[in-house]
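Take a look at these structures.
Below, subunit A partners subunit B and then partners subunit C, in two separate complexes.
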Partner chain A sequence: MKWLLKLFDAMRPMFDEKKGVFRLFTPIFETAENIFFYPADRTKAFPHVRDPLDLKRYMGTVIVAMFPCVAAAVYYFGPRVLAMILMSYVVGGIVEVSFAIIRKGEIHEGFFVTGMIFPLVLPPSTPLWVVGVGIFFGTFFGKEVFGGTGRNIFNPALVGRIFVTIAFPTIMTSGWDAPGAWRGVADAVATATPMALFKTQHVLTPWFDLLIGNTAGSIGETFHLGIILGGIYLIYAKVCDWRIPAFYLGSVVLFSALGSSVPALEAKVAPPLFQLLGGGLLFGAMFMATDPVTSPSTKVGKWLFGVFCGLLTVLIRSFSGYVEGVMFSIVIMNAFAPLIDHVVLAVKYKEARTG
Partner chain B sequence: MKTVRAGSKSNGGIHPAYCKQLAADKPVVALPLPALLAVSMAQHLGAPASPTVKKGDKVLRGQLIGEPAGFISAAVHAPTSGEVKAVDGVVTASGRVAPAVTIVPDGEDQLDPACRPPADLQALDAKQLIGMVADAGIVGMGGAGFPTHVKLSPPPNKTIDTLIVNGAECEPYLTADYRLMVESADAIKNGIEIIRKILGARSLRVAIEDNKPAAIKAMEKVMARLEGDVELVVLETEYPQGAEKQQIFSVTGREVPSGGLPMDVGVLVENVGTAAAIWEAVSNGMPLMDRITTVTGTSLKNPSNLKVRIGTPFSDLLSHCGGMPPDSCKLICGGPMMGLALGSQATAVSKTTSGLLLLSKKESVAFTSSACISCGRCVEACPMNLMPNELSQCLEAEDYESAESYDVLDCMECGCCAFVCPARRPLVQHMRSGKAEVAARVRERREKAEKAK
Partner chain C sequence: MNVSGELTQALVVAFSAAFTGNILLTKFLGMCPFLSVSRQVKTATGLGWAVIFVLTGTCMLNWAVYRYILVPLNLEFLRFILFIVMIAAFVQFVEMVLERYSPVLYQNLGIFLPLITVNCAILGASLFMVIRDYSFINAVSFGLGSGFGWMLAILAMAGIREKLKPERIPKGLRGPGITLIIVGLMALAFIGFTGVLSGG
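Then we have the complex of A and B:
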């Protein structure tokens, strides 16, 4: 790696922020250097030692946790999945880099997670140009206009997903590839998702198929076993807080158990286990609701956020025209996250003052 | 006397790499007399002492060279005999300029005849003992440097029922207190008894983290003879168990109120080094002239625990330990969590210098800072139950009103939040500037209210 370090050192003057020939592209140089090394400057003030978990590793851990889902997606839906991920990274990367150059700031690590999550929540047959349009919209309007990673209100991947759902309804709901269809091992080329099967025909897919991902669905959401493993890894690595997924899933179980036990609602509300494994719930609860930027940062706020996400998910899934409710409920709760934190803090500090 | 495990532990806290093995087994050695000593008049909290000598004066070891200037201040003594070369401003470790007396040692190390043991140690009463502590210029040696005689004289309306002796040494790398407990447990125990006599405190607790079994054993042995309600409390190893409020909670379960002092809950905390210094002052009449300092770092050739005279330049300590390796990046006075990066090796050892740490470029943290991603890790880590993320964003926006309502003044700058922050935000620096601004506003408000009366 020495030669690389030397190369960076040699190129540094050219990318100097004030005097360099290529000063316009300083952010790209810095990011490239950050991928391999750390910046040359050192902190001057205490604490002089830090936890090795910085943003780079933080985001890296999330991506590693999604690997099982990606691998399963390639197995079930074919190498086309990789082309979609690549498309997402290229278009999202161009937006991110352009903004970094305009802002004369750095390229935020958060983009690496958004660029990965977005294709994973799309149907396997989504045309590549739709992937490009979606990630462009999500990164541009979901994140950059707010000021970049850390300042955005809504999860950028979900903003992109909702945009393409509403803008291209026919493309997004027409065909769901059957798992293995690309290798010719499935009976049919296209089929319905488990949630749709329940909603339209009241058919419950066997739970084992749901667990190993042998169903139709968005690219990354079907292999539930992998999502569970990835989620455990994230919680164990203390990258995501256990409260949001625990309260989110818990509240879905609670409300769906309540709903499905009422005879009048039995046909509308799916039973708890099916709710957990039937759609994008686990993926959403583990990888999207836990996005630190768009979820509350107080402990009480986190469980409130989880509970309301769960309630909304069950309501939308059961009583709306949409089959799936995870993305809408998370985005709706994203909007409330700052308010939740505000209320929690106001209560906490008022208690401290008066009591 | 009995040994117990701490019953409670405050929230938050972190587990950095302790790196104490570098110097833990190195017995304390005395550093040879340096060629020059720069004794600062500002080694304690409060007003700097005012120099009592001038250029050209001859001084003896233990002679008073700075007298306390105010209620919260402490005396300063010459660490060796020699000639005063200069009395002028010198940069301290914290970066401010304070008067200092520079002494060229004559090599005789002649003791001031005034420094002698008392005629009858047992006959001394609390008031006389406090006087001796004040005359010896003893300050809190754990780091803050609060004048000990002031701490030992609580106002009459406060009763202290529990004395906690702090041997936690939770800062990574440092082993000065550890070596002191292993090697000089007797001096600590005797010092503790003096403090008990001064305070009349009913209970005594000695608190040590469980990563120091040898220190626990040594202290157990000497404390076995102590009578009354005496306990050695073994704390779970965690930073900052040595912080005053956290330790009081761990040991007694009592919570010091926001803005309050330990004496508000009937507790007084003294560092083990302070206890040993008190014994030295009372039994031998020796003022505080030297201390144990850990000189350490993974790149350092020979990490050591040194007994050094106050005023010794850091360069002397480093050359004794094998000099500064070429890849050195940072020289830190104190530990890595709360220590101060030094601008010069010429800075001198003070009464509160518990360590000198050398970090190589590889070990020191890259200077990057990005927007808060609200991950909440700082909230989990804060031992004071604050919200560093909210606070730092308030302070960046100069919203001091909100910062005050979120209790910014409770922050003790332990650095746990910045340690865990993945965005590498300078949280402690935000807090420090915010605390200064909020404290100024509170003061202004109080003055206004008083005027209105």
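Then we have the complex of A and C:
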């Protein structure tokens, strides 16, 4: 590797922030350097994790945890999935790099997670230009205007997802590819998602199909077994806190059990096991609600966040005009996360002062 | 309708006013104080309570005025002017009573009371109540729900703005710009409530 180090050393003056010939491209140079060599400086922005873990490895762990979902997505929905991921990386990357150049800042690895999550929460037949529009909106308005990675209030991937859901309702709700349709092994080309089947016809998809992902749905959300494994890995690697997924899933189970036991609501509220394994709940609870930047940082705040996410998810899934409530509930709770922290800290300090 | 049915309906009206049809995030009413007084959770709380109180009070008052004065006299077209007058009078009256009998509360709410006289959410709620032909109980719960929804939104915004670190936000967007973007994103998320208990 010595020759590479020498090469970077030789190139560094050209990319010097103040005097270099290519000073406009300093961020790109630094990123390239950091891919090969461990950076000497520490993280300057959130998320700071109490661990010998830096931002890059943090993001790397998330990508590794999502790998089973991506593999299953390619198996079920075909190589088109890879094109969507590529599209997301290219468009999102352009936004990220342009902001870094204008700010003369560095390019954050946080983008690699957003760019991966966003295509995974889209329907498999989403046109590539919609992928581009969504990731552009998400990165631009969800993250960069707030100051980039670590400063965002809302989850950028979900901001993009909600934007395209509302902007292109027909594209986003019609045509869910049946799993395996691209290889010609499915009976039908398009089918309805398990959540939609329950809402319109009260059909409960068998839990085993849900577990192995043999259903229609957003690209990365169907293979629940892989999501569970990835989530356990994330918690084990201490990249995400166990409280949020635990309280999120727990409250979904609790509220759906309560709701489905009331005779008048039985037709609207699906039973707990179906709620857990259907739709994007596990994917959202493991990979998106746990984002340390957009969720509360206090422990009590984390479980409050999880409980309210669960309540809203059951509420929106059962009673709103939308089939799936995970993305809405997480973004709504993103908005309340700073307030939750504020209240928790205020109560704590009050106790400390009086007690 | 029996009592329990009426109560359920009142709860539905309150819920839908607070979430499904949040007066700030779906109708964009009451934006000016929302933008200017959302820098700190503490002041936002004060303004929030004041809005809940005034909204509920004026809804009750205007319901009675509309039902027992304007409708019998066939003067419904005067409701815009009359409602504004009623709101201003109500706020003035409350301010005077508070100043006399509860100086502490006056200290806390005092600055905000005159501010919200001109809050369009207050007038908006009274007008919605007339359009939707609410009963008295429903008008009260609509006022309470709308006020609560407004307070929830401004509290969330105040929490966010305390957390925001302006130095990395693009210069032109600092202050009102980024606040409007945040409201927009919050409104986007609240679209998820569409259809939840919107009846009533």
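Operating definition for what follows: the second predicted complex is superposed on the first by the 341 of 355 C-alpha atoms of A that agree within 3 Å, B and C clash if a C-alpha of one lies under 4 Å from a C-alpha of the other, contacts with A are read in each partner's own complex, and residues count from 1 in each chain.
What we mean here is this: contacts are C-beta pairs under 8 Å (C-beta built on N, C-alpha and C of every residue); 3 or more make two chains touch, one makes a residue touch a chain.
None of these values were measured; they are calculated from a predicted model.
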Touched partner set for A:Gly147, first subunit B, second subunit C, both or neither: both
Subunit B versus subunit C as contact partner of A:Asp241, first or second or both or neither: first
Which superposed partner A:Thr298 touches (first subunit B, second subunit C, both, neither): first
Partner chain in contact with A:Gly184 - subunit B first, subunit C second, else both or neither: neither
Partner chain(s) touched by A:His108 [first = subunit B, second = subunit C, both, neither]: first
Subunit B and subunit C footprints on subunit A, overlapping residues: 147-148, 151, 341
Interface residues, subunit B side, partner subunit A - complex: 14, 16-17, 172, 258, 329-330, 332, 336-341, 357, 359, 361, 363-368, 370-377, 379, 387, 389-390, 405-407, 415, 418-424, 426, 428-429
Complex interface listing, subunit A residues touching subunit B: 34, 38-39, 41-51, 53-55, 57-58, 106, 108, 110, 147-151, 238, 241, 292-293, 295-299, 302, 341, 345, 349, 352
Complex contact set, residues of subunit C against subunit A: 41, 155-156, 158-160, 162-165, 167-170, 173, 178, 181-182, 184-186, 188-197
Residues of subunit A defined as touching subunit C within the complex: 103, 141-142, 145-148, 151, 153-154, 159, 162-163, 166, 312, 315-316, 319-322, 325, 327-329, 331-332, 334-342
